[in-house]
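Before any comments, here is the structure.
Chain IDs A, B, C, D, E and F follow the sequence of writing; residue 1 opens each chain.
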């Protein structure tokens, strides 16, 4: 895209090294340790037969997500939210985003009256924790659905996941759009955007924020293109992992 | 834009009736009762000379916002967050959005070591509460800044607000992009988007979510165009009110 | 009562201007914006068919109230109780007072197994917020009961409200008993009393507190007389509004 | 007052057996175990040299109170407020009442920059816990003040307490005014009133509530007379204990 | 054991004066005011027919305990946990210990589907509050069980308590093992241990902590011997009280 | 010790496979991923120059620990404590235990006015999480101290850690003492004990609990011997890792 070389040697349109390690946890019905460079997120999917009371008898399942960060996942230690006795705004916002992203590709009727809770715990943070979480959570979710199918909680031939979903951050730094920002890039970005895109290339979520100067339509378009391309690479990575 | 007539008789690219009543509160340094149709939000700006401890001595001011809804602002009563003892994810998310939107047009150096807290309390909700809140909050903020200038807390000739900011919701209903969704439209929308745009037409925030089917780039573009046009109308309304 | 003229020009036995605006909210089954001078309280009554679990099957209804203040209802901003994560003593105390006042004039058997929650949110405070809240809440309650009757949840000819109820503050300032204290008077009062009186002139609640010097029986009697007269005026105002 | 004999054999104008045991706690600067019949309240006064930050340098002291009940002080067990994580409305209300009652008889200038916290913990409840608490708290407060004087924190000859204070409940049962209600009487009372009266016979607080039918002025007067007489007996008891 | 005489004149292997006053509370099904020297703990046992939902239908009962301290039980005042809005680690830990100790000697099948909650509230603290609480709680528990038997909730001839349980603290001070530490001794102890022992002399719980230097096996043995002997004396005291 | 072979093929006196991976986290001053068989705990040590306010100027440092479990570390998912808004008793108790264990081997004077917070987050649980946490935390602590020394916050030649510390669980199953219980063993154990032992073989903490039948002195001795031997093996493992 441009000749700029980033601090870690990447091209502007290049993802960091992405790894998706399935079956990381011995207990969860689906689990993944996903890394986007120095960002490491443990995603576990917990499958329960049955749904919350308000959904009983509607023939539909429920998928929800919780995001959290270990106190020393970051460069300086943050107090635990459990110790503070309340969950911060950022945590709430990201948990809600992950849940929406996953629900966009799931047929809750086909899931049946089952609940899947995805926990995304950031073990180490280096930018893009929410996008890594979504990307990994999709794989853990897929595994939990297969577990449910094997146990007979989900019909054998149903299509529960009708598409895949991945996410990536993009941003403008010194006027240049860049893909998958590391923490040192994130703090310098004038505009910061997260895009959540399905395997077929459709948008589930577009969240762009001007951190410095507001941005115009042309910049927005360049960021969206970059994000869609990055998500396509992540989709291939997910498919390969699940193969 | 199209020949479709909406439930309340509006064209697809038409705002609801918007009113911005300045000086609603006797106590606040800036205050506005803003309405977008049936949505009524009371925005008050509280000016304090001085900044939070972590900002002292940096020669910069601080602007923050809190959003809340009265229990019976909606069609059925919601329990108070104060009674539940914690603030929900949606409330946190919107408070953060309003704060970011306002900080995008303010020069905190020119504000000096002063703090302005904007409270946006929804008295009646009919869709678009966050966008009405941002649009009204800007006017309350402008008034609080003038108050601070008159009291001598802010330099006489400084430009504290270098642009204005407004926000509006857009969405796709039955395949048709529409501006400023009322509640009955909002629940039917396949895609829901909020755009925050400065007076000069630049984006501060773009938040689009597929509630039903994911959306493609062409739909996204149509929604953005609609939002930018709506915000321009709101900008004129704000300017007229402040004149 | 005396020749003293108060800061706002009132006689010692004179109420501030009182307005009761019915149907303020589009959603609530009963709603009132009540003002006692600069004090403005939004009272909404939410009607639900059914009662809390502990009352089920007893053939009786339930009426309760919650009082709160917007952060900038007062001269300086107060932190939100939702943000602090707990409700203060004063808020609890006033919520309980309003609930008791309303329950004193309602026949819960005639109400049937229905619940009415009255929310009293102070939009602007200038003394006497709890008494304005009770006075307005009665009107909102009456409207919600009529709504329930029209919907068939309450028997057509039953007498649910067997009396009306209103409240006013009285106090002694510089030795002189005065009716309906504004905030600047309230802070100067040696004795502060709230009386809650039914339409028939009977006491529901008498709460007198010596803020400065303790008071004697003669002073108490003068305050009570003043309060009863004030409540009679408010009763007429309520009746007129409901007519 | 009448020929009625109460369940426990008392006349209508008779207090239950009242005991005030000073120096109950080895650690507190003032402490009292007060009983009104089956109601037992442990009142401890904690003296600290210095005042809360907001009072520093104003040459005045601070007196505050906290009221609480052991889980099994009552006939059936109540969950601990510490376990529930919040303090109930009733607890807040009574804590505030006790604090106001004590501050009504103390000269905070004479107290100097010292803080006294009174804890009133109900060990066993049988009606009138708040009035027993006030009556006992006064004695504990007096002892803590003398302790402060001996330690040199309070000037030798100053008059810190310019009056004493006591409290008692009164109520109307079957149309008959009665003094110092036990629990079985309290639940049957049509009207329930607490009066807080100084040693000189002046009112500090009058809180009357119609639990059943609203009450008229004549009933109110009879209750007040009964309360004032009861408080005079308690004042003598306090004086005797402190002698 | 040694010729050392302690500050209060005791031998190293001597308990403080222990009193167990049964039936202290008028309301609880079992209640005891236990004192170990200056430590006074009120233990009440609340009997409820029925069990928590998760135990229903299993034919077993449930015994649990809660420990707390009045704010001025100690030499300086501690803030109430209810006011702080959360329970501290120490409180939790001791509550759990007391519950485990009591459950070790109860046959929950013989108890039947009944629940007993033991509240241990420290009225005055002078070291060893948790061990006094366990020792007293056993007696209150025994009384509550007899109450349940008399009311017909427990089978007439069943053996619900198959052993008794008591507890005592031991510690090493200046190299010398000592029994039942008072507060001034506790703060000086190099090693601090609590032993919970049944009437038959078996261990239920051994909790030893090096406060200063770590300890060796020989010291541990000497402490255990001392603790077992102390618990045997307490067992006799309990039996005598219950006789 | 006996011919019994355990479910996983171990001898009764054999530890599970123990791994201690240093430098697991890129951000923390010391970090270890420790595993005892299927139990995996991430221990991070956060070094701060300076101490909490109450320690300032005393020339001493502060070491504290926090323990937590990821929601799906266990076989079924547990709700997050941050979501529940409070920390459970078990979590508090273990956090306090880890802190005490580490403070037993550290010379806080030599540490100087520095604070080290150790976070022990259980990523996967299979019994013995608290003992694995202590064993790993010691290594993370040692690394953080060396970091502080290199940065010049700690004197070059001082001995901050005067001993090492490790911990292991022991228990009696079917009458047989066993070392380092896995979860399936833990739930079957009649007696459960955790021992915390220094590198020199001295006890820091002994916590034995009868889960089923109470235990006698002979059984206690056998458990202690087993625990001391297990901790000696862990000490060698720690030393090897730090070499």
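Throughout what follows, a residue touches a chain if its C-beta (ideal position, glycine included) is under 8 Å from a C-beta of that chain, and two chains touch if they have at least 3 such contacts.
Fair warning: this is a prediction, and the values are worked out from it, not measured in the lab.
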Which chains lie in contact with each of chain B and chain D?
-> C
Farthest from chain B in C-alpha centre terms, which chain would that be?
-> E
Taking each chain's centre as the mean of its CA atoms, chain A sits from chain C at a distance in Å of 51
Expressed in whole Å, how far the mean CA point of chain A lies from that of chain D is 59
In whole angstrom, what separates the CA-based centres of chain A and chain B?
-> 28
Residues in chain F with touches to at least two other chains are numbered 85-87
Order of the ring members, counted from chain E so that chain F is second = E, F, A, B, C, D
Contact set on chain F toward chain E in their complex | 86-90, 92-93, 95-96, 100, 104, 163, 193, 198, 200-210, 213-217, 220, 224
Can you name the residues of chain C that touch chain B in the complex?
-> 25-28, 31, 38, 42, 44, 46, 48, 66, 68, 70-77, 80-87, 91, 117, 119, 121, 123-126
